[in-house]
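Below is one structure. I have some questions about it.
Note that the chains take the letters A, B, C and D in the order they are written out, and that residue 1 is the start of every chain.
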Amino acid sequence: MQIGMMGLGRMGANMVRRLMRDGHQCVVYDINAASVAALVKDGAIGAASMEEFVGKLAKPRGAWLMLPAAITGKIADQVAALMEPGDIIIDGGNSYYHDAVDQAAELAAKGISYVDVGTSGGVWGLERGYCLMIGGPDEAVRHLDPIFATLAPGADAGANPAKDAGTAPFGYLHCGPSGAGHFVKMVHNGIEYGVMAAYAEGMNILKSANAGKRQRTADAETSPLENPQYYQFDIDLAQVAEVWRHGSVIGSWLLDLTAGALKADSALTQFGGRVSDSGEGRWTLKAAIDTGVPAPVLSSALFDRFSSQGESEFSDKLLSAMRYAFGGHVEKPKTGS
Amino acid sequence: MQIGMMGLGRMGANMVRRLMRDGHQCVVYDINAASVAALVKDGAIGAASMEEFVGKLAKPRGAWLMLPAAITGKIADQVAALMEPGDIIIDGGNSYYHDAVDQAAELAAKGISYVDVGTSGGVWGLERGYCLMIGGPDEAVRHLDPIFATLAPGADAGANPAKDAGTAPFGYLHCGPSGAGHFVKMVHNGIEYGVMAAYAEGMNILKSANAGKRQRTADAETSPLENPQYYQFDIDLAQVAEVWRHGSVIGSWLLDLTAGALKADSALTQFGGRVSDSGEGRWTLKAAIDTGVPAPVLSSALFDRFSSQGESEFSDKLLSAMRYAFGGHVEKPKTGS
Amino acid sequence: MQIGMMGLGRMGANMVRRLMRDGHQCVVYDINAASVAALVKDGAIGAASMEEFVGKLAKPRGAWLMLPAAITGKIADQVAALMEPGDIIIDGGNSYYHDAVDQAAELAAKGISYVDVGTSGGVWGLERGYCLMIGGPDEAVRHLDPIFATLAPGADAGANPAKDAGTAPFGYLHCGPSGAGHFVKMVHNGIEYGVMAAYAEGMNILKSANAGKRQRTADAETSPLENPQYYQFDIDLAQVAEVWRHGSVIGSWLLDLTAGALKADSALTQFGGRVSDSGEGRWTLKAAIDTGVPAPVLSSALFDRFSSQGESEFSDKLLSAMRYAFGGHVEKPKTGS
Amino acid sequence: MQIGMMGLGRMGANMVRRLMRDGHQCVVYDINAASVAALVKDGAIGAASMEEFVGKLAKPRGAWLMLPAAITGKIADQVAALMEPGDIIIDGGNSYYHDAVDQAAELAAKGISYVDVGTSGGVWGLERGYCLMIGGPDEAVRHLDPIFATLAPGADAGANPAKDAGTAPFGYLHCGPSGAGHFVKMVHNGIEYGVMAAYAEGMNILKSANAGKRQRTADAETSPLENPQYYQFDIDLAQVAEVWRHGSVIGSWLLDLTAGALKADSALTQFGGRVSDSGEGRWTLKAAIDTGVPAPVLSSALFDRFSSQGESEFSDKLLSAMRYAFGGHVEKPKTGS
C-alpha cells in the first residue's frame, strides 16, 4: 500500500527502505532536499514541500512523521490543516504521550485520526525490523496493518505463533487508544535505562576486582580496603560479557552490544562518560510518581545519567562544605580521569 | 572423560545427564540414595558413601560438588582428606568467593587444586547448556576442558567464532585464579537482580496506566492524581511483554520468561510477592562497597527484595510515628492485597 | 493589623490564635460554623458566608486561605470575584506551586495580588511559631509584613541577628515572585522525607543488631548470616535517639520527635507502617526530573512510602514469577507483621 | 580522676583540654613531641614514649586511644602488652566495630577491659561537648563515668531530666558490650550521610529553580524543558537555609552549618565536589546487607560520594558505548564545572 514519510533522518530513511523493499509505495519529504533525492533514487516518490507531500498521497491519506519530539506537534498541526476527514497522521517519534492524547482529541474533532507509534530498534531496525507499540483508533490502526507488518520483524525464524496470538509475536501491537503507543514506548525506554545501568554497574564492579593490587592512599579522608587479598583478580571484561551471552540468565540484546563494544576496546577510550537522556526516562518516572508506583531502580538509572552530566556538582560541593564545617575535613582534589 | 558429581539435586542431576549424553563417565553420590539410584538407572556409576565416591574416581580425581553454599566448605574438606596430590575439587555451587580464595590456598598446600565454577542456566541448562564462569589453577582448568565444553551451550546455531576467540563464545570461560569464577558469577547474579527489577518496575508502571479510571480517596493523607485524563489506558501486559521480545532494544531471556509468566496468568495470582535473595546480590554489593564502586541500581534491586520480605516494617512505623508527632497525621490502615 | 482567615482546621485556627495573641484583628470563616464560633469566643470576628467574610475585610483586603490543596484554586477564584484591585489573596496551604504561578498571572490582570506562603511548623506552630516561605509581588508582601512577623518564631532566645540580615533569622522569607514560596516549601518537604528516612533506616539497622541471636531458617531461599558473632547487640533505641540529641552531628528537631516517640513506645505498636505522602515529595521529584538534578536520596525516600502503601506488590510478584521460571524457586509465604 | 590520652590530633587534644578544664588529670602521649609539649604547657602530664605513658598511669590504668582506625588495633596490642589485669583500654576513634568485638575478646583473656567509645561532635566538641556512644564491660564503663560525664555536653541549658532517665540526656550512653559503642556510632554516621545528602539534593533543586531562564541546547541528545515558565525563580540559598532554621520541621545542627557555609559563600567556590567517605557509611551498609534491612536512602548517599570520587566513570562510558551501539548516539562532550 501507499504511505507518506516525513522526516528522513536515520530512522525515517531506513523505514522507507524497509517498506519499499517489501513492495510498499512511499511518498517522502524532508526539509533537507538531499535526503529526499537519495530515497527517490531508491524508488520513492519525492515531494519538495509539505503541500506537495500531502497532495501526492492517495485518500485516505496516511502521513507518517518521524521528527524530533520538539517539533512534531507543530508539524502535525500543519499537515492536518492540509488533510481531510478520514486521513491519518502517524507519529513515530519519541514524543511525550501527553501530547498524543491532547492532539488526538483535537484532530478527532476534524475527523482526522492520530496514531502514535513507539518505535524501537535503533540503527539495526532496517535489517532486524522495528518493534512497534501502537496507539490510536481501531479503524485507522487496522487500515495501516500492512505497513506495520512490514516494518516489524515478523515471526522470528522457526517461530510459529498460535493463530489467536495476535500481532505481538510478529513485533507490533495495538496497545490502546491514542497515546497508548507512546506510553508503552516510554516505559520501554525507562526499563532500558535500568537494564543498561545494571550491566554497567556490574561491569564496573568486575573492573575493580583488582583493587587489592592497586596502591592506595593512606589518609584520614580515604576509606581503607580491609581485605585486599579478596581483590586480586584481573578480569577480562570483554570475555566475560561474551561468555554471559551463552546460556546465562542475563543474556540479552543489550549484552550482545556490550560484548561487542568491549571487544572493540575494553577501555572504551572513545567515550568520556557523559550519558545523555532523551526524555522517555524522565517521563516514565513522572508517570510512576503520578500513580504512586515505586521505581527505585529506574530512577537510580536516570539520576546516574544526570550525575554524569555534571549535575551533582553543587550538591557535592555542599557536602564537602558541611564536612569541613563540622569536622574540619579538607577536601581532596578531584582526580582526573 | 570421567568426572565425579556429588550433590544430585535439580542442578547436579541435570548436569550429570548432560555429561553422560555427551559420552562422559559420571561417578555420582548424594546423601539421598534414591537420587543416586535414579542416575545409575540412566548409566551413571553410583556410590553409597563419600569414601566409595572418591575411591571410584580415576586419578587425577575430579570431584564436582553441587551443594548448598552453607555446607560446601565442610564437605570439600572431607573430600580433600580422601584425596591425593594432583586431584581436583570443583565447587559448582553458589558459594561465597571469599571461601574459594581461602580454601584454594589451604588445599594448594596439599597439592590439591580447587576450581570454582559459577554456573548459570537454572532449570533450563539441561537443554540449553550452562554458562560456566571458572576460577582456578591453569593446569586443573585445562584438564577439565572436555567437561566444561560439554556442560556449556557450545557455539550457538549458526555462530562461527573466530579461531582465536577462546572458549567464551562456547559458553565457558576461565576467569582467573581460584575465586575468580565465583566472583564473576556473583556479579552476574547482582546484575540479574537489577535487570529483573527494571522489568518488574516497568510492568508495574504499565499496570497503573489506568489509574485515572480508578476511584481515588480524597483525604489529606492521599496525594491527588492531577491529570487523570493521562491515565486511562488498560494495557495488556502479556501482549506488551511479547511484542518487546521482537526487535526491541530490551529483548532478553528474562523478558522471554516474563512474557511466558504473564501469558500464563497476567495477574500472577499464584505469587504473593515475597522475593527471596540467596546471597550473591548481597555479596556483590559488599564488593562494590569495599572497592568504592557506585551501584545504586543493584542496591535498589536488593533492598526492594528485603522490603518484600517485610523488613521495612519498623522503619515505616517510625516514619508514621514522626508524621504523627510533628503534624498530627493519623496513619491510614494498611490495605490488603 | 487586620487579616481574614478562611479555613479553620488545625493549622488555620492555631494561626488565628497566634495572630490575635499578638494584637492583630482576625476575620474568620469556615464551612463548619462551629469552628467559626470557637474562634469568635476567643475574640475573632466571625463570618457566616464567603460574601460576609470578604465584606468585613478593610481595604486593601487580605484574605488568607488555609485550605486543602484540592479546593484552594476554586475557592481563590470565588474570593477573587468578590474583591477589588489592590486586594490580596494569600494561599498558606500545601498547594502545587504551578497553580500559584498560573493563578497569580490571572489575578494580576484584575489587579489582585496572589501571595503564596509555605508554612512549616505543624501542630507545634502555635507555640514555636511557623516558618514561612513567601512568594508574591513586593508591595503585597511588604504590606503583610506585620502578619508574617507575628506568625513566625521571631528571633530565638539569645539570638541577635545583624541589622542587614533581613527577615530570615526571624523565621520568614520573601523567596521571590508568586509561586516561589510554595516552591521552596515543596523542596523543604522533599528534604523532610529524606531526613526522616535516614533516621528510620538507621534505627532499623540498630534494631537488627541482635540478628545473630535470632533463630534463622536454613533453606535455599534464605540468605545465611555469615558472622553471627557480630550481631549480638540488644540496642535500646529510645536511649540511643536520646543520646544523639546531645552534642552529636545528627541532632535535629525530627530526632527530638523520634526520641519522644520511641520513649513513649519503643515498639511503635500503635503504627502499622503505612506511610502517607501528601504531594510535595512527588512535586519535588518532578522538579528535579524537569531540571535534570539528581535526587537519589529524596526519590528513595518517596518510593519507600509508595512501597509501604502496598504499591510494590505487583512488581514483587513478577520477580517471584521470574525466579520460578528460570530456577524453579518456589516463593516463601509472606510473614505477618 | 586520672586518664591517659594517646593520639593528640584535633580530637584528642581538645578532649584533653575539656577534661582538664573540669579538673581531671591527663597523662598524654603522641608520636609528635610538639603535640605533647603544647598540652603539657596547659597542665597535662607528658610522656615521651609508650612505656612512659603507661608507666605514669595510676592503677587501674585507663588509656584512651584517639588514633586513626588503620593503626588503632596494633597500638592497642602494644599498650595492652604493658598493662596488667584490671586495666582499661578505651578506643575513641572511628574503628570498625568488628575489631572491637574481636579485640575485646582477646584482651578479656588477659583481664584487660576494652571500652569502645564512638565520639561525635567534631571540631565543636571542645565547647559543646562530645556525644559518646559506649560499648564495654559494665564495671569498666562505670569506672570511667566521671570522664564520660565531663566529655559529654551534660544536661542542656534549661533541661531537667527525670531522675531515672539514665545518662542519655547528658549526652553519653552505655550501649552494650564491647563493640556496641562503635556499632551505634557507625550507624550514626550512616544516618549522617543520608541527612546531609537530603539537604544537598534539596539545595541543588532550589538552585535549578531558574532553569527556565537559562539558554538550553536544542539537540536530540538533550532532553527539552517542557514548561520553562515554572522555572523562573532565583532563589537565595543562604537565606532559605537560614529561614528553615527557625520553626521548620527540618531544623537541625547540620542545617545550621549549611546556612553558615552558604552565608560565607553561596557559590561554595572553595570546594570542588569530591566528597570523601571514611568507612562508617560503608560499614553501616554492610551491616544492613548482612541483616537484610533495606537502606535505600543511606546507600544512595554513599554511592553519590563514590560517584563524586570519579568511580562512576567506567560504567558511564559503558552506557555511552551501548547508546552508540544501538542507536548511533554520539556522546556529547563533558562540560567543565
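We adopt the following convention: a residue touches a chain if its C-beta (ideal position, glycine included) is under 8 Å from a C-beta of that chain, and two chains touch if they have at least 3 such contacts.
Given the structure is predicted, the values throughout are model-derived calculations rather than measurements.
Taking the definition of touch as given, a chain qualifies here only if it contacts subunit A and subunit D alike; those chains are B, C.
In this assembly, B is the chain whose CA centroid lies farthest from the centroid of subunit C.
In this structure, the chain pairs A-B and A-C differ in their number of contacting C-beta pairs, and the larger number is found at A-B.
Centre-to-centre, using mean CA coordinates, subunit B is 43 Å away from subunit C. The distance from the centre of subunit A to the centre of subunit B, each centre being the mean of the chain's C-alpha atoms, comes to 29 Å. With centres set at the average Cα position, the gap from subunit A to subunit C is 37 Å.
Shown for subunit D are the residues in touch with two or more other chains, namely 122, 197, 199, 201, 204, 223, 226, 249, 253-254, 282, 290, 292-296, 300, 303-304, 307, 309, 311-312, 315, 326-327.
Within the complex, the subunit A residues that touch subunit B are 97-98, 101, 120-122, 125, 128-133, 152-153, 156, 165-173, 175-177, 179-180, 183-184, 187-188, 190-195, 197-199, 201-202, 204-206, 208-209, 211, 223, 225-227, 229-236, 239-240, 242-244, 246-255, 284, 287-288, 290-298, 300-301, 303-304. The residues of subunit C lying in touch with subunit B in their complex are 10, 68-70, 96, 122-124, 196-197, 199-201, 203-204, 207, 218, 220-224, 226, 253-254, 257-258, 260-262, 268, 271-279, 282, 296, 300, 304-305, 307-329, 331-335, 337. For subunit C in complex with subunit A, the residues that touch the partner chain are 249, 282, 285-286, 289-290, 292-296, 299-300, 302-304, 306-307, 309, 311-312, 315, 326-327.
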